[in-house]
């Protein structure tokens, strides 16, 4: 926000006599816009899917530069559902990056999911919602929503479903994904702990004999603890992450929300 | 209805040989069937009142308001074809808001009446349209005090060049009535609709001309307005009605310069007095009969 | 007469010479090359500095000084940057003053429209409140509206160069405070400050109200005092600030706005201990 007031004054402003005032703008091509329409509001999000559940999580800090805007600015949103609080929703969207775009994206997806129910008389499936989200993002391919989105829910078979996106709509269903400021800190941890990368069966032999451990869906308690560990670690090393951890756990019972304080430094 | 069958009444934009526009006269007939609407210009404000005839028992009481706010300080009440009234109001709101964006100040009553008169008159000129089936009463209060200008910065000099001349006084209450022909006048008291004759007779008895030295106050005006609507209703006593009343005062007055509904307590008190006055009249008449 | 009707009635080329098209743009055969893309606001011109606000148990207090600067020139000294919207919402404007005036006009027309449907704007009793079909717009509603205006304008590359604080009461009459800026970014916190205040005042305000729970315990008097103290600190340190300011308190009883407050109990004793700037050596 400080940048608001750091601009220099216009050179053609009052104060010159008419004789010495610049009379002509040099027409060396079009003038450049000085306005940059994006900013980064920091923070990190993370999603992990299990056999019967999906967990989405995000810290609640909002930053601009070295300033903390707010210690509680949620990045997780219930999509669909009823009333102003979207009660009864079964899909959760997390967005991290430019918060204003994130908000606009959430609003659009939420409206579309609700319209789907009004028009078809049934709830949208997660995979349909995921495809829709991709289209919304790609629709602004040449003026993108500057966000990394993760969408979570349960698929038609009741299994945890997790979709991750890039800002222009490329997407993929995954077991787990970290996004945002501390994604480079969290993702390798997840690779190791969830997808068991570089983990070998200790009973197997040495060298070429080593056998990789095979990843399996983790139980809910384990995943919740992984998420908490991931964030407490990220807070230690990244200044834009902290204040609070918001988690949304989607099961067949609905969406359960939890809040855990994080370090505020 | 000597005009019927002559063919001169079939279209706007055609005069009859004796110089009348029959379509406009028919529009006036539409107004004469509507519930009575009145406006009173008092010393320190304006009251608008309406006899809202209850067309169905299924309609919610005190809902479906008919007196409209057109700008903060201006209200419109009308009698005649309701949808035509809605359109009139919509136009008046557009005029008021466009005036605000052009001049950064509320539209003066005289200008709004002028614009609306011109608008209504245009609907008497073309054969593709019909005139408005309403007579509208526009009432409000042009602020005498300095209003904060929309989006203004600073106050300007307090005295001297560019300062304010202290004794100059402008503004005050205003009341106009626009008829289907586009004709409009400013009034001290205006009445239209079914009971207009009785209402006008009552209005004429009030002291409303400030140049005569005496002029009723806004609070008195509210009570008189309620009474006059009840008097005007006497001829159609079999029908139920609701009294709708709004008022507007100076910034220093009870509505703070805004056009608002008369508070429920005050309205009920005015209605009680109105009923009492009517009963009193009946008793007087009875007494006379006895004599 | 020839058979080119488009030439009929025009001066004859053989007598008057051909038409001098030089003043026309190039696309019309002229020489003018003033073809530039449409440009929009690229920097603020006349600016207001910080706006501060703090929630307390039953309401919100907000303040901003009365200065509008033209670069480093203290250009206007009686500019009121707190705009009451209705009896439960106030907007504080930082940044470009002309954009503030535009938004003020926008809010005025919005208020007029809001009152078309509810003529009893200042409902004096519950009975009167019941007559009103449409409930009074809350500060939360107003913030959503303004945030969408700001985001739309940034998306059009034609931003309104402001940082806004919207405060008052929400639809449940609970204290509400949130911000929106030229990018359309929004957030909410127990205390907020725009501009320089984000650096200088926010840490002091967070000491008074570190979280929502703390605001529940905070009295109106303590909150006003904290804000006034911050205005003083800003005047000490922010070169684009002044010692006259506006302060508003919004709670159940409505908006209490004071537009010509003066800073009290200033102490510049700290100033002579500051050394090391420019050529000062002793």
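Should a chain be cited, it is by its letter among A, B and C, assigned in written order, with residues numbered from 1 in that chain.
One rule holds for everything that comes next: contacts are C-beta pairs under 8 Å (C-beta built on N, C-alpha and C of every residue); 3 or more make two chains touch, one makes a residue touch a chain.
Note that the structure is a prediction, hence the values are computed from the model and not measured.
Here the chain pair with the top count of touching C-beta pairs is A-C.
With centres defined by CA atoms alone, the chain at the far end from subunit A is B. Comparing each chain's Cα centroid with the centroid of every protein Cα atom identifies chain C as the most central.
The centroid of the Cα atoms in subunit A and the matching centroid in subunit C are 29 Å apart.
One inter-chain figure worth recording: subunit A and subunit B are separated by 58 Å, centre to centre, where each centre is the mean of the chain's CA atoms. The centroid of the Cα atoms in subunit B and the matching centroid in subunit C are 39 Å apart.
In subunit B, there is no position where the chain touches two or more neighbouring chains simultaneously.
Counting only residues that touch two or more partner chains, subunit A has none. Those residues of subunit B lying in contact with subunit C across their complex are 62-63, 65, 67-72, 75, 93, 96-97, 100-101, 104, 150-155, 246, 256, 258-261, 263-265.
Residue ranges of subunit A in contact with subunit C, taken from their complex: 1-2, 4-5, 7-10, 13, 27, 30-31, 33-35, 37-39, 41, 62, 64, 67, 69-73, 98-100, 103-104, 143.
Taken together, the subunit C residues at the contact with subunit B in this complex read 68, 76, 78-80, 97, 100-105, 108-109, 112-113, 115-116, 119-122, 124-125, 127-128, 131, 133. The touching residues of subunit C, when paired with subunit A in their complex, are 33, 36-37, 39-45, 47, 49, 70-71, 94-95, 147, 151, 154-155, 157, 159, 161, 163, 179, 181-189, 194-196, 198-199, 202, 211-212, 240.
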